[in-house]
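First chain written, first letter: the chains are A, B, C, D and E, and each begins at residue 1.
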Amino acid sequence: MKTESVLEKVIKSGRLAVTSECGPPRGAVAQKVIEKAEMLRGYVDAVNVTDNQTAMVRMSSFAAGILLKQIGLHPVLQMVTRDRNRLAMQADIIGAYTHGINNMLCLSGDHPQFGDHPTAANVHDIDSIQFVQMVRKMRDEGKFQGGADIQNPPKMFVGAAANPFADPYELRVARLAKKVAAGADFVQTQCIYNLEKFEQWMHSVCERGLHEKCAILPGITPLKSAAMARYMKNKVPGMDVPQQVVDRMAGVAKEKQAAEGIKICVEAIHRLKECKGIAGFHIMAIEWEQKVPQIVEAAGLYPRPQVD
Amino acid sequence: MITAERKPLEEIINCVKPFERILLVGCNECVTVCAAGGRKEVGIVSSALQMAFLKQGKNLQIKEHTLERQCDPEYVEELSTMITGVDAVVSMACGCGVQEVARRFKTVPVFPAVNTKFMGASERQGIWAERCQGCGDCLLGVTGGICPIARCSKQLLNGPCGGSGSGKCEISPDVDCAWHLIWERLKALGLQDRYEQIIPAKDWRTGRGGGPRKIIREDLAE
Amino acid sequence: MTQLTQRFQTREKVLVVGGGIGGMRAALDLAESGKNVVLIDTSNAIGGLMTQLDRTFPTNNCDLCTLSPTMSEENRKRRIHLMPLTRLTGLEGQAGHFTATLVSEPRHIDMSLCTACGQCQRSFPERVNFNPGLDHRAPTCMRYPQLTPQAFSISGASDEEFKKLAHCCPAGAIRPDQTQQQTQMHVASVVLATGADIFDPAQLDYLAYGKDPDVVTSLEYERIVSASGPTKGELVRPSDGRAPKKVAWIQCVGSRGLQKGEASYCSSVCCMFALKEAIVTRERFGDDIETTIFYTDMRTFGKNYEDYLNRGREQYGVRLIRSRPHSIVRQPGDQGLRIAHCLGNESALQEELFDMVVLSTGFCIPKETREMADQLGIALNRHGFVETGQFNPVATSKEGIYVCGMLESPKDIAETMIQASAAACRAASHLPNAAAGSKDENQVYPPELDVSSEAPKVGIFICSCGENIGGLVDVKALAAQAAALPDVTLSEVLDHGCSREAMETIRQAIESRTINRVVIGGCSPRTHEIRFQETLRKAGLNKYLLEIANLRDQTTWVHHDHPAQAAEKAGLLIKAAVSAVKAARALEDQSLPINRDVLVVGGGVSGMTAALRLAGQGFKIYLAERMSVLGGVAALVHRTIEGGDIQAFVRELIQKTMEHKNIQVMTNAFIVDHSGMPGMFKTGLQAGPQMFYRQISHGAVIMATGAMPSRPGHYLLDEHAAVMTQLDADALLEEKPDTVSGWDNVVMVQCVGSRCEENTNCSRLCCQSAVKNALRIVQINPKARIFVLYRDMRTYGFYEDYYRQAREKGVIFIQYDKDTPPRAAASGAHVEITFTDPILARLVSVEADAVLLSTGFVNEDENTEDLAAIFNLARTTGGYLLEDHIKLRPADLAKPGFFVAGTAHAPKNIKESLAQAEAAAARVICLLAKEKINIGAAVAKVDSSKCAGCLICVRACPFDIPYINTDGYSQIDPARCHGCGVCASECPAKAIQLTRFEDNQILAKLNGLLERMVA
Amino acid sequence: MQPFEPVIVAFCCHYCAYTAADMAGSQRLCYPPNVKIVRVPCSGKVDAIHIMTAFQKGVDGVYVAGCLDGDCHFKNGNIRASKRVVYVRRLLEEIGIEPERLEMVKISAGMGERFARIAGQFTEKIRKLGPNPVKRAESPAA
Amino acid sequence: MNFQKQLESKQFIVLAEMNTPKGIDVSRFVMDIRQLKDRVDAVVVPDLDNGVMRMNALAGGVLAKRQGLETLIHVYCRDRNRMALQADLLAAHALGLHNLIVAPAQEISQCDHRDAAVVNDLNETGLLETIGTLQNGKDLAGFDLEGRPEFTVGCLMTPWSDKASFEEEIKLTQKKISLGASYVVTPPVFDTGRFAQQLAVLQTLNVPIVATVFLIKSVAVARYIAANEPGAYISEDLIRRIRKAQDREIECLKIAGETVSRLRDMTQAVLIQTMGWEHRLPALLDAAGL
């Protein structure tokens, strides 16, 4: 074991891991975080806490992560390279670790243009791969990025994101390889709707043996409505929603669309369970956390293993 | 070249409001080439300013002049004969020129009339695009001649983010994904394997991170 | 005249015999297309008959005004060697290698010294000739003011008289001892244009001509009403000098006659001539003058002439009486002349008194001309006119000798002009190819003064343009106001700024007052700039030191509702022009190579002939035909009235056209777009069946789009099998002549679908077609009774012979009125035609086996309209293409670079169409013979000290001319620059200026217009 | 007070609009004398500075008259002119001068009638807009 | 968006036909295409259109694509044998041209090189099969290809003059669809009313319909087409409308524009043919309200 992380333990145990996510509120309301997280209790192995998701200011993932930790859940600290330079990032990492947070996801972050502070400086002192590398070095070599030794280095289970669909497609596996080489322990992917294409990607991932060095957790997001499906298809960068999925959502009555969305997502989990190289699922029910237990149960991922 | 864009006229008008006589100085270098501050733009801005003031019954006197280059003191010196009797100077050069003029004429306020934008190239007639951020440590050699610092929205040095589609950046379909370009270029050069080498975190000291920069050529410097 | 220059000693020249309008046109066309011409005339100056006309039909314009530019085109004079008082006495050799013998009479005046002051003539009017033709009426002014050469001649003077003449001549130019000279000359070809004489009515004693002073010929009448005539344009009776109140015209004097000395043919122009004189009389001398024309048939068959006839009758109240007067007598005690005549349907003789009688005399060929023809060995027809081929309109029987104008047959000015150009076209073919171009040598101008360092001294000339400007604006006040502008040296008013005198005034003023900038206030610079520029050059000034304020087209003509503001605007425009001209600089012209390819639209006989003539001269032709085959309407006709085989001719023409290496034939081709200017047009065509779009670059266009046989649904046409058109009958007679042998009664109806509301004009051809078919029917079936129901038989010229022949063969011609047309009713296999017999004055019916309708031609409205819209061409109300000048430029369209041939212009027969096709070809050659088209002096110039090398001009230029040179500056080749100025207006460093339109010039103009508004 | 009579400058391309203006003349069509024509070889020659200067000098309205689309004698000068007019209109707007005082019109050489109509309509429009604000501010002082 | 995605999106697609020059001066071709950027969804480059020898579609297509526009090219059988066709298809793919329209070829007698040899090694359906074979990674001889090209293929319908020929054409088109054509391009539509009647049948083909709009440029052209194109219906009213217009050229553009906008509610796509007046396309699109 590289870390104390429960998530790492579940993965190493060979069972399919389940993570979910929780977006912190836009205000100093700790209760909101706790309410959302409570819905997930017992159904997931770790909860991602997003960092100024979609470039909108929210409670810091660091603080929200501590709140989760306090109620006994296992947060995955998300951090983007957009808002902090390498000093601030490392400071936050050791800070989080001292509060017992031992998972993190290294991201570059959405462009400020999409958010509520389009005039903000777009820092990107380092990029996401350099970030993964930095966290890994802090853990394994006990060194800050600048080369100085760390007293009691933070032992983070390091995650990275991957989008199997973004262009150029042929670079997708190579990019994952690069992240793995940089030190990613697990990877959570973009929401998967185009299962066939994902499977192809996984096939290439496995061909390179990347699944052995790194746990791959495909992202699963239930669609709430046909409108959401269309939006995801047309408006969200890097998203691949096949027309059949949109048609299927649109094919049922409006009030039944939510149920259909969950059905699609459960079917997807069932199918991907069979896919070689999968280490678990990252179920992102955006502003719909209450449905996660239902999905986990229906997908046969309940109960969660006890590893502690 | 350095690109620039004329400031909104209102901003320039507000700057010169308190004055009666101004000297409007163009520059025959980069800002001419990017059609922001050459002789022609000087004429247009001069005319616009005069009209804007005439409307309020004020006869703003404008001397127009365009220097070969505003960023060289020898050229700036040309203005010394014109500066007398002038209340303010409006420079249509890039930030370098404005500062150079201000440095030379200490008693007269100097206002910029253009916003200096970036170092870029003209893609086509009338379209200029950013190409370089002057980071002081060029890595074009490993990125196939395309700069991810200047041209990737997130300054990613190790590959595209997850948001690119059809070769375009997630921030706008008008922006090429720099990494897409890099990748295509590397492929064309048969250098795909270069991609998987991780480019380490950048030393920003060679850029603005290291404070104001200066180049000294010992052999040339006096 | 100067001695023969070297140029005229070469074999490569054309001899033009006769200096009337025909000869002049031919000479000018040849000269303009770069050929050398020797123009001879027996009189002391060129001009011929037309210069004696006061106004020409149907525009009623003053001839002098329209003709003078043709005569004084001085820049062409250098290719025309003029030999007055000269006749052709012999011609040896063959086409391309003739040797002509010319004999010149002495003038007894040294032309290099004569100033045309007229002193000699005032002293010895009997011996000094200046105004020939009407000398017995005591000329008091020059024959016409633009006479070329401006010269007198002396004949028959005694030694004593010569002495006195020498004494009175202030220039010392009298040369008593000059003698007759004979010259031998090599020429490649000859154009005969000696015209015809006017029939002398003195031979016909019943007309009282020569006995009574108030009986005059139409030409004499013309002189009487002419502003330059003996009465200075006052209409007075020769007998007592009183203004006449009743004037009569008698037609067909010396034409269509059988009496002694009369010609049997029709003189073709007299009807229009008389009508014009009657209209002008009413127009100019008052409504209270009664004008009456006694006629046989009103032959207004030319383009839009029928409209003119209707206007004369309806608008001007010209009285028309269909009758041939019996006698003209002045009985004692009569206040006037008594004309006795009978009306058609009444046997009683009528008498009426007139104050003046005008004889519409015809034309005949003088004896001397016939002798000359004999000497040249060319065939004449039985009337003494030069014989030409049926399908070869201006070629005489001898190769290399061509003919035009009245000498070929009686005709009006427009047709003379067409033949003259056609003759020029043919005559030129014996010289080296025109397509090779000719170097345009500059007229010798005085060296240009360098005024760049002088302070501006502006001369302003404000033209009142007759009433056009002066009528609305007080030009004197305008001139006075302009005189007060800074730097103005002179400000004057001119009456007609574009006249030769005015130009001379300007030139002298420039020289005497050392003016270095000129402003003209007048008409549009688009039309007149060139002429004023010429004047500046003659005065030694660069032609770009000129600015024209458009006071007419863009001021007085468009603001006649606001005279005060128009005057104010005129003042401002002058001021702006003064301001701009001060910023003007001396410039040199740039030119572009001319595109010599020609687009011919329409593949009928006219189009093909024009194409072949041009192709033969080395031009490349694009022939666009909208149908799938060539041939046009002529392919439908079998015989000419003379019996010529049209089909064989058309077949041969098509073959030659298809095979010619210089002709690219495009069938199923439609013109869809067009742009450019003469010498560099671009036309887009779409050609089926592939609908391939291609753009053709060419220098000129010949419109030969034709007209179509009319087929109006009258008289049971297309309802009853016995009813057909003359064109149908032509085919029937050719293909199934036997059908005719069963015909007992044949009725032909004339003017079906012509001269009516839907088509007001005469179709010109139908009378000859009817006569042609009648003669052929009679030939096959002599028993057939043929009735021709007509309104006016218009068998003009020699076609009159066939008309008479038909009458002699028993064809019955019955006149009907427009208001009581014949009627047709089906009657089994026959058609019953009912009409009024004017002699019996009752209705008559004929059971016709065949009814032949003379349906004439109509313009194909949709097609010409489409083309006119695309090419931006003007059309007549009947839809035909509108020529530039109905008389003088009948083959030129109003749009420069466009020419017209054949029935696209107006209905005409094949021979006439062919002549116009050749004329159009000649006119095209005139345009395209130049090496280059001058594109003016507007070129982009780069100031390298300002240039930032930004490439903006390189990218902006629509023609890819600028480039960045090795020094890093933009460079623009002036020879390739088109002068649009886009680079100048986009240059961010203001390093580029477009000469002629430099910023300071435009700003100066704006200053002039706006300066008093904001200090 | 005298009614306001606007001063209008029309920059006319020699090949089309200027010819159309002459054509209006030969057809004796009336249009307001307010319009003063400045001949240019191509509408693409009309510099932004020329237009600005005209307004600075107090003109009340300007229109640039070029050939119909696709008919430019110099290929695309008229298209450039149109773009430039849009650009200068924006400048005018920035300094508080009604952009409607400047227009681009397209006329072929044969359209005399259209020329007269546009002259009339444009004059009417400017008459309604009133004097050029630059001149307006100037005149009480003058 | 590539053309395949455009088709899938079910949005209204506007295509413009851009003919290559007969010659080597491509400046007009390129300029005309440039001004269509953001105005049309894709351009179509025909190959030796209507039997006129000109620069081939492959070169034209590459030039068009370089201007940043999605590009479709024609392929046809008259002038090339199966080797040349396959080679060109591979070249097209390598050069980024992934959209094909399989076109019928003009009879050689109607071409501008009437004496040229006619190849017709394959026919239209054979060509469609060939494209399918290539997409499966094989050539017609059964050899493996390095890499598999992917094309979006459409087919052109030949004009029909009556019911029988229409039915015949529908049958043929069905076959082409079964062989891989994923959309069809109709002959020019002059009268949308008449077209509406045929549309029901066309829709049974179950693929996107691209209706062709042909720009009539003059009365003479209108007359010619009405007389010579089978099934082309041009009403007298339409001809009168052109004749009465103050500016015929603009009226013709308007007519085509209006046809485009009417077809907007009827078909998924239109193809505008201007045959030489490509520079007028922006005005036409303006008239269509696009």
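Observations, loosely collected:
Assume contacts are C-beta pairs under 8 Å (C-beta built on N, C-alpha and C of every residue); 3 or more make two chains touch, one makes a residue touch a chain.
Since the model is a prediction, treat every value here as computed from it, not as a measurement.
Among the remaining chains, those touching chain B and also chain D are C. In terms of Cα centroid distance from the overall Cα mean, chain D ranks first.
When C-beta pairs in contact are tallied for every pair of chains, the largest tally goes to C-D. Taking each chain's centre as the mean of its C-alpha atoms, chain C lies 51 Å from chain E. Taking each chain's centre as the mean of its C-alpha atoms, chain A lies 40 Å from chain B.
Here the CA centre of chain D is 42 Å from the CA centre of chain E. For the pair chain B and chain C, the distance between C-alpha centroids works out to 67 Å. Each of residues 249, 277 in chain E touches at least two other chains.
Among the residues of chain D, those touching two or more other chains are numbered 47-49, 53, 56, 70, 108, 134, 138.
Residues of chain C in contact with at least two other chains: 673, 956, 1014. Each chain pair that touches appears in this list: A-B, B-C, B-D, C-D, C-E, D-E. Of all residues in chain E, only 247, 249-250, 277, 279-280, 282-283 touch chain D in the complex they form. Residues of chain B that touch chain A in their complex: 153-167, 170-171, 177, 179-180, 183-184, 192, 195-196, 198-202, 204. Of all residues in chain C, those touching chain D in their complex are 524-527, 550, 552-555, 557-562, 565-566, 568-569, 572-573, 576, 673, 675-677, 872, 938, 956, 958-959, 978-982, 984-986, 994, 996-997, 999, 1002-1003, 1005-1007, 1009-1011, 1013-1015. Against chain B, the residues of chain C that register as touching in their complex are 946, 948-952, 955-956, 987-991, 1014.
Listing the residues of chain D that touch chain B in their complex gives 47-49, 52-53, 55-56, 91, 94-97, 133-134, 136-138, 140-141.
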